[in-house]
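Consider the two complexes below, in which chain A is the common component and chain B and chain C are the respective partners.
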Partner chain A sequence: MWTFFVLPGTILLVLVLGFPAFQSILYSIYPEGGGSSYNLNNYSILFSDSVFRQVFGNTVLFVILSVASHLLLGLGVALVLNMEIFAKPLFRLIALLPWVVPDVVVGIIWRWMFDPVYGSFNDLLIKAGLISTHIQWLSNPKLALASVIFVNLWRGFPFVMLILLAGLQSISTVLYEAAAIDGASRWQLFSRITLPGLKKMLVVALALDIVWEVRRFGLIQTMTQGGPGNITEVLSTYIYKQYFQFFRFEYASAVAVVMTAALLMVSLPYIWMISQEE
Partner chain B sequence: MLSTSFKTEAEAFRVPPTWIPIKPTLHAYIYMWTKKNFGIYFLNSTIISLATAMLSTFFGALAGYGFSRFMFKGRKFLIGFFLATQMLPGVLLVGPYFKLLSKFGLYDTRTGLIIAFLTICLPFSTWMMKGFIDRVPDALDQAALVDGCSRLGVFFRVILPISAPGMVATIIFAFLLAWGDLLWVICLTSTESMVTVTLGIARTVGEFRIIWPMLMSGALMGGMPAIILYLLLQRLLVQGLTAGAVKE
Partner chain C sequence: MRFFKTSILVVLGLAVLIGLSTFANAQEKVTLRFSDWHLTEAPWDKTLADAMALFEQRNPNIKVALEPVSYKDKETKYTVETAAGKGPDIFHLHAFSLPMFFDKGFAKDLTPFIEKEGGAKFLEPWYPLCINMMKYKGKIHAMPGDYMSMVLVFNTELFKEAGLDPKKPPKTWEEFLEYNIKLTKPPERWGVAVLGAKDPGFELRFSPFLWSFGGDYLTPDNKKSALNTPEAKEAFKYFIELFTKYKVMPPGVPTMNAQDVRTQLAHRKIAWEIGSGWTAPIVNSINPELKAFDVLAAAPLPSKKKKVTTIWLSSWVMNPNTKHPKEAWELLKFITSKEMELNWFVKNRVTSSRKDVSEKAPEILNDKFASVIASQLPYGKVVPQIPQWPEIMDAFTTAVQEAFTEMKTPEKALADAHERINGILARKK
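== the complex of A and B ==
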């Protein structure tokens, strides 16, 4: 009986997702520019390509900094929202907004605000007396990646906050009361009750956020398109360019396969944990 | 941004920037709708996202019910498979999709995009619907079965009506996922008549001269459906997002 319910979705997934994924693997071992036999040439080209290594490094940096800042900010805001504060629902409502808006929209708005001459970001900083010259946020090679990560911090932390807030609310208040009677300090409350209680939620938020940030495309495509040079190029924009601007299908597939393998490796503990629990 | 969208083009390029428009105008909005085909983009986004959301929620509800109620061999493996498909990056699939859709004449069509978006939405919808259905007590199923209802009857007459709020949340979440996507649209469309809102916005970036008031009004309108849906159904959406992750 279960087959009737589960099978349609499974078959659909295999068709629309499994099959193309398999094809991608086939492309990736097909020699560039034609040939008769399958080989691993695309992979050896890839690993000796300095641009690929740079892009891979960019992606790792982008993901680690984004996710770490999402976690810190998300946890901070979740802790505040979990307290009895004035107008809590309103704050929660506003805090989530940056996350529901398409990242393309966020990217384009910040591109405008980051405009060195006409944008409001420089204007604000100058008026506040923090800077004296107009800063090229997105075209200065030293700043571009940091600027993109800064925007992504603001855009992405609400999801982590939401998951952690749900976790916080599931921790029984009795635990805190008991510990307070025993004379626990605030730090002890946090490290002995809050953090252990949040463990599972932290894993969930971390895993999903890593996966999403590795795949992030629209934000970077609208803000910098990977430039200047390859300074802000990440794997997804790089693969897109290889496919649809340089038409290197086989090479692009190889990069995509490497990216997928890395993603699955990172998320395997999460998948394992959830599916065993069920 | 809101401010810029009400500016004239000349005012947007004033140094230092004005924070509140001196002469507010709706010119940018009118321009986007009449000169820039923004109406078409909006229609495309709406049709594609809505169809994807309905389809993925229906199949997701079926699978979610199966996972929620039945213990069978290979269940853990299948759940793992559904979760793993959530992790696959779109860039792994756009290449084969480009070729496959071209072969079947579905490249640059709404149908093609709907199929492609199922890859993003179906795993999520399944997981979210399972979370909602888990909250419906199994005793209700059993009662209906004893009364002579079939499993299908239970699903359609008991489970779906009870988890209707959950379905709405799932549909909206899938809708937002599809609405916000750029990667698939940029790879699988080529003509003006198939452009969606996100692509319409993103394309202007490469243009030689960016008319910011127009672009800001476009961005604002592109973000609006998401904001409105979210504000209306905030509680439901938050519940849905955490339903899959948090167990009471």
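== the complex of A and C ==
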């Protein structure tokens, strides 16, 4: 009987997720420009393409640095906002604001702020005495990816903070009081009570953030379009370019399949870990 | 007799029914979806809305639904929708996107409509080059729209401030560099800005450098890269050094798009740019205080071995999925008519692919921008019309950015682009 209730949901999932995924896999083994037989030629082109290898490396770097910075800043802000501070609800609201703004809007705003001639970011840093000349944040190959990651940190940390804040609030204060009576230091309180208490939330935040950062598109597309050169090109912008600008449907599908496989390899252990704990 | 009466009644009944259904069809209003990136830009948005209102007034059975799309996203939108069997009935593209659309079957063959209108005689008013660019396998799959040459658009006041005579613009690229050095006074002002972003507008601005030095992107048969010639190398180095060595371009050029450049011109941060008919109206809308129509002037591009400029040509495409081809053709005819082509110029300063407008209309011949643009059309050249072109251009702009940012020397960046482009062309399509 239970299968009867599950059936509509299953059919919907197959239609919405399964069919496009199957179609993409099929496209990826279809010869570019037409042909009669399916083969793995698109994958062979892909792995021998130096630009793809660079893009893959950029994506790994972008995801690792973005996720790590989200976790660090998110945890730090969550700890502060969990303390008894003045106007706590207001600060919580302010901290959430960057997350509410759409990716594309964030990208456009920061692109203007980073403008080396008109941008307010340079002016701010000059007035603060931190730099003496205007810096080309998005045009300098040494700074472009770091600048995009910085904006992504600003945009993305509130989500991690929100999850961790919820986790912090679920840790019983009794544990801290008991540890304090036993003479535990601040570090011991953090490492022995806070971190273990947040473990599950950290895993959830990490898994979700990795998935989202691998798929990050609007921010990079609006800020740099993958430039200068291919310095900030990531898999999502690369797929977009191959599919919609170059009309290489088959090759773009092969890249998408590789990206999905990589994503599954990273996220499946987390999903498994969460399901085991449940 | 009875059978005869019954037959007459049946025939009469059928006639009435057919008549009624025809009447009902005649009353049914057809809605056409019309999409254009200009709908997102002032003052084009109003011009187009007014024109469509006029079309509806003249064709009471047709309603036109306007669908704005950003310049950058238009290909994506039209590709996705057309591939899904939908999409706007009529959409606007620049001509260099056409080969990809033709190749994928995303443009309806207009030849049957044109034949009904008189065939070759109907097409006579257009420049033959423009009509040829609308052809795919011998059939016309789009109608030409704006037709302009790229020229120098400069601020005459900044020329005077730098001690330069606005009536004597540079004639050679050597002079162009000398003028730029005189005009550059950082951080207040730089000479010129040319967009360096991966933007479809890049090739319009860069190509005249390459061609006039005697170089080209591809060999004449479009089968190999021609970027390894001494002329191409010289042109590329000259262009890059304007930014890296002579510093007559403002910082940020490697990621600037066309609108960024126009913003710099509007705010007197640069003295000139490579633009066309659209430049003055857009600059004016960015900063009306500049009084762009008075302060700006146009001049032919400098040259070296050849006098040459890039041609901008836009095109109107009928979606193969349209359910109302007859009405869509009426709209196509209307927007490419002599009346409307002149209207686009009067309101938005774009010259036409119709000779009877660009070469005859006093409004164009007496306009200080349009007269220069029209005078350069005979020197116009178009980039190769091949499906791989966007990918080739991406490889090339990557090289430009790598050289601008000194990740690679100009020689190395160009050599890498040459290899990559050969790889793209060698791939079986």
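Here is the rule we go by: the second predicted complex is superposed on the first by the 264 of 278 C-alpha atoms of A that agree within 3 Å, B and C clash if a C-alpha of one lies under 4 Å from a C-alpha of the other, contacts with A are read in each partner's own complex, and residues count from 1 in each chain.
In this section, contacts are C-beta pairs under 8 Å (C-beta built on N, C-alpha and C of every residue); 3 or more make two chains touch, one makes a residue touch a chain.
Being a predicted model, the structure only gives us computed values, none of them experimental.
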Determine, for the superposed arrangement built on chain A, whether chain B and chain C clash or fit. clash
So, A:K241: does it touch chain B (first), chain C (second), both, or neither? second
So, does A:R192 touch the first partner chain B, the second partner chain C, both, or neither? neither
For A:M201, select first, second, both or neither according to whether it touches chain B, chain C, the two together, or no partner. first
After the superposition on A, what does A:V117 contact: first (chain B), second (chain C), both or neither? both
Is it chain B or chain C that touches the larger share of residues in chain A? B
Mind working out whether A:Q225 is in touch with chain B, chain C, both or neither, as first, second, both or neither? both
Between chain B and chain C, whom does A:T10 touch in the aligned arrangement: first, second, both, or neither? first
Which stretch of chain C would you flag for clashing with chain B, going by 75-83, 219-227, 363-371 or 417-425? 75-83
For chain A, which residues belong to both interfaces, chain B and chain C? 117-118, 225, 240, 244
Could you list, by residue number, the parts of chain A that touch chain C in their complex? 32-33, 45, 51, 115-118, 134, 136, 138-141, 224-231, 240-241, 244-248
In the complex, the residues of chain A that touch chain B are 1-6, 8-10, 12-13, 16-21, 23-24, 27, 93, 96-97, 100-105, 108-109, 111-113, 117-120, 123, 126, 159, 162-163, 166-167, 170, 201, 204, 211, 214-215, 217-218, 221-222, 225, 235-236, 239-240, 243-244, 249, 252-253, 256-257, 259-260, 263-264, 267, 270-272, 274-276, 278
Residues of chain B defined as touching chain A within the complex: 1, 4, 12-17, 19, 59-60, 62-63, 65-67, 69-70, 72, 75-100, 115-116, 118-119, 122-123, 126, 151-152, 155, 176, 179-183, 186-187, 197-198, 201-202, 205-206, 212, 215-216, 219-220, 222-223, 226-227, 229-231, 234, 238, 241-242, 245-246, 248
Which part of chain C faces chain A closely enough to touch in the complex? 75-76, 79-80, 100, 103-104, 187, 196-199, 250-255, 260, 263-264, 269, 387-388, 390-391, 394, 397-398, 401-402, 404-405, 407, 420, 427-429
